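Below you'll find the structures, each written out as C-alpha cells.
Next come two complexes built around chain A: one with chain B, the other with chain C.
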Partner chain A sequence: MVLKVENLKKYYGKKREIRAVDGISFEIQEGEIFSLLGPNGAGKTTTIKCILGLRKPTSGSIQFSGQYGIAYVPEGKELYENYSVERMIATAEELTENFDAKRCWKLTEEFNIPFREKLANLSNGEQTLLYIALTLSQRADLYIFDEPTLGLDPIARNKVLERIRAIPIENEGAAVLYTSHILSEVEKISDKVAILCNGKIAEMDLLDNMKEKFCSIVLENVKLPDLPFIVKYKSTSSENVYITYRADAERLGFECKPASLEMVFEAVIMNQVENSNKG
Partner chain B sequence: MLEVINLWFYIDFHSHVPIYQQIKDNIKSLILRGTFKPGEFIPSIRSLAHDIGVNLNTVARAYKELETEGVIRAERGEGYVVVGVDVENLKKQALEELRKAVVKCVKLGISIEELKNQIEEVFKDGAQG
Partner chain C sequence: MRKELYDLKVRLLGTLIVCIALFFIVAPFQKLSVSLLEGYEKIPGTSKIMEKLIPQGFVENLKEWNFYINSQWFGKNFGQLVPIIGIILGFPLFASETEKGTIQFILARRRRLWVFTTKSIAGLIALLVITAISTLLPSFFSIVIGKQYNHQVIPHFFIHTFFGSMLWYSTSVFFSVIADDQVKPLIASLGLLAATTVLGLLKPLKFLNTFSYALGTDVFRTGKANFTLTVWMATSSVVILLSAMKLFENREF
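Right after this comes the complex of A and B.
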C-alpha cells in the first residue's frame, strides 16, 4: 500500500458550512493507477492538497508509505519565467533528490519543447509539458497529476497519457493518483476509479469491474422495481432507460444491455445528487 | 530463422467489454490460430502491457484468469507457458452465440432456407470468412 486515506474531511467557511471533502476513504496500491473522476467542484483538488499537506484536513487520516516521496503536477503550473528550459532542468537537478536529468532531456525532446527558450516564451501547453517532464524525471513512490492534460493538443495529450501509464512499468512499485473530468482519458489509463461528487465518493471500483457491474435496462412506463441502485438515464415517449446493477437486473429477469462508462458516470452522479438532496 | 509473429491486437478502451476480458479473448484466439503453441512462452506481462498500451495490473489480471482456466501456466520466475484452449467449451460458446443470432434472424422474418443457404455458403468458402 502506498497511500491510505481514511474518512478525510475538509470543511471551509466561518461555520464550516462548505463541505469540499466530506468523509472520503480510499487506498492506492503499489503499481496502481488510481483516478479521481468527478465534475468541477467535486473535491478532487482539495483532496490532493490535503494529501500533499498543502491544506490541513478538518478531520480524517492520511497515511503515505514509501522511500522516495511524492511527485506532483498541480493544476495551476508555476515555473521560473526568466529561466531557460535548460536552466530549469539544471536547477531541478540541484534541488530535487533522485532527479534524473538525462531522462528529463529525453522527455523534453519527446515532447518537442524548445530547450533554449525562456519559460515565459513557451506556450501554455509547452509549459505544462515541461512541468510533466520534470515530474516524470523524479523518482517517487506516488506521482500525483491534477488535470495534467488541460490545454494540450491531442497528440501531446496521448504522449503524456502513455508516459503516465508507463510509470509503474518503469519504476518498480510506483503508483499514480490522477484526476480528470475527461472520461475517455480515465478509461484509457486507470486501474481503479473513484467517482467523486459533492465531496463524497459515489462509486469506487476497478474500471473493468465497473463495466461489468452496471447495465442498462429498458422499461415501458411501469412501476419501478425497488432496487438498491436504479437511475433513469433517458426517456422516450413510451419507454425509460435505466442504469442499474447487472446482478439485480439479471435476478429479476430483465434484458441487460451494455452501459458505457459515460452512462454509468452520469447515473452515479445523478443518484448521488438525488440522495444528498433527500438527506 | 526470422519469424514474424503477428502479436499486436487492438484494445478498445471505450468498449463496455472489460479490458482484461479483451486481452483474454485475444490470447485465446492467438492460441487457437496457432500463433502460440502449447509449451511455448507467451509475452511477459510487462512486455505485453507495453506493446498493446495497457496497464500492468490489467494484463496481470487477464493472465491470472487464463491460468485459473487452465489456458496457460506459470513457470516459476520465467513467465507463462501455453497449455491449450478448451476447444469444447469454445464450441459451446460459439453455438450459443449462433443461437442468439438465429433468434434475431427469425424475429426479422428470415426463412430457414435463407439461413441454410448462408451456412452452406460459409462451408463452401472454407469457413475462413
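Right after this comes the complex of A and C.
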C-alpha cells in the first residue's frame, strides 16, 4: 500500500459549515492508477492538498509509505514565468530529490518545448507539458496529477496519457492518483475509480467492476420500477434511458445495455445530489 | 539557495545601484553644500530662519570631512534608506510565491522549514551585501580622493545599518508569510514604519523610533555602536523571524 486515507474531513468556515471533504476513505496500492472523479467543488483538490500537507485536515488520517516521496502536478500548473525553460529545469533539479535532469531534457524535447524560451512566452499547453515533464522526471512513490491534460491538444494529451500509464511500469512500485473531468481519459488509464460528490465518496471500485455493476435500461413512458438506484440518463419523446444496478435490472427481467463510465458518473452524481436534497 | 539568490538578483542589484548613485550625489559635493549653506546665511532675512533650522556651528562642522560624510551619508541619505532596504528585500519573499501559485511547486518538493530557512537566509545575505558595500563607500571614497577619514567608525556604523534594516526585513518577511499578494506586505511594512516613526516623536514612545538607531546617531556621538540597542534590535528581529516561521509552518495553501 502506498497511500491510505481514513475518514478524512476538511471543513471550512467559522462554524465549520462548509464541508469540502466529509469523511472519505480510500487506499492506493503499489502499481495502481487510482482516479478521483467528481464535479467542480466535489473536494478532489482539497483531498490532494491534504495528502500533500498543503492543507491541514480537520480530522482523519493520511498514511503514506514510500522511500521517494510524492510528485505533484497541480491544477494551476504555475511555474516561474520569468525563467527560461533551461533555468526552470535547473531549478527543479536543485529543489527536487531524485530528479533525473537527462530524462527531463528528453521529455522536453519529446513535447517540443523550446528550451531557451522564457516561460512567459510559452503557450498554456507548453507550460502544462513542461510541468508534466518536470514531474515525470522525479522518482516518486506516488504521482499526483490534478487535471493534467487541461488545455492540451488531443495529440499532446495522448502522449501525456501514455506517459502516465507507463509510470507504474517504468518506476517499480509507483502509483498514480489522477483527477480529470475528461472521463474518456480516465477510462483509458485507470485501474480503480472513486466518484466524489459533496465531499463524500459516492461510489468506488475497480473501473471494470464499476462499469459491470451498472447498466442502462430503456423504459417507454411507464411507471418507474421500485429500485434502490435508478436515475434518468436521457429521454426522447417515446422512451427514457435509465441507469441502474445491473443485478436489480436483471432480476426484474429488463434488457441491460452496457453503461459507459460517463453514464455511470452522471447517474451517481445525480443520485447523490437528489439524496442530499431530500436529506 | 541558488534559486533564491537568482530571484533576489534584480532587487539586490537595483538597490545597490540606487545606494551607490545616491552616494555619488552626496560625497563629491562637500564644498558645494557648505557654500550653499553659507550663501543662504548671507541673504537678508533668511539668517534667522537658518538659525532655527540648522544648529549653531553646523556649517563650520560640515567643512570637516569626517563630520560631512558621516552626517550626510549615514545620518541622512543612506541612513534614511536603511529600513526601506530591509522592507524591499523582505516583502516579496513568500507573498510573490503565494500570489503566483508557485509556492505549491516548492512545497511539493521541500519541507517548509527548509523553504523558510533558505528564503530568509538568502534575503539576509542580500541585506548583508547591500549594507556592507554601502557602509564601506565613505571609506573607499576617502582613500581614492586622498581625504583623512576615521575608518574605525565603519564597523560600528555597519552594525547599526545592518541590524536597523534587519528589523524591518524580519517585519516584512512576517507580513509576506501571511499575505496572499505582494501589495499587502509592502503597505503593511511601510505603514508600520511610518506609524512607529511618528509615534516615536512623542517622548514616552521614543523607543518606537527605529530611525535614531538606523541612522547611527550613537556612533556619530560616541564613535561606538550602541550595544544594548543592537542586542534589542537583533533579538526583536530573531523573534519576528521565528514567529514568521511558525506561521509559515502552519499556513494553508
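A few points about this structure:
Here is the rule we use: the second predicted complex is superposed on the first by the 270 of 279 C-alpha atoms of A that agree within 3 Å, B and C clash if a C-alpha of one lies under 4 Å from a C-alpha of the other, contacts with A are read in each partner's own complex, and residues count from 1 in each chain.
Operating definition for what follows: a residue touches a chain if its C-beta (ideal position, glycine included) is under 8 Å from a C-beta of that chain, and two chains touch if they have at least 3 such contacts.
If you're wondering where the values come from, they're calculated on a predicted model, not measured in any experiment.
After superposition onto chain A, the partners chain B and chain C occupy separate space and fit alongside each other.
In the superposition on chain A, A:Glu78 makes contact with chain C only, while chain B stays out of contact range. In the superposition on chain A, A:Lys56 makes contact with chain C only, while chain B stays out of contact range. Legend: residue contacts after superposition of the two complexes on their common chain; A:Ser260 is shown touching chain B, with no touch to chain C.
Of the two partner chains placed by the overlay, neither chain B nor chain C lies in contact with A:Gly13. Chain B and chain C, viewed from the C-alpha centre of chain A in the overlaid structures, lie at an angle of 150 degrees when rounded to the nearest 10.
With both structures placed on the common chain, the touch criterion links A:Pro168 to chain B but leaves chain C unconnected.
Remark: least CA distance from chain B to chain C after fitting both complexes onto chain A is 26 Å.
Residue ranges on chain A touching chain C, taken from their complex, read 49, 52-56, 70-72, 74, 76, 78-81, 87, 90-92, 94-97.
Chain A contributes residues 31-33, 162, 165-166, 168-169, 184, 187-191, 207-209, 211-212, 258-261 to its touches with chain B in the complex. Across the complex, chain C meets chain A through its residues 2-3, 6, 100-102, 104-110, 250, 252-253.
Those residues of chain B that touch chain A in the complex are listed here as 13-14, 16-21, 46, 49-50, 53, 55-58, 61.
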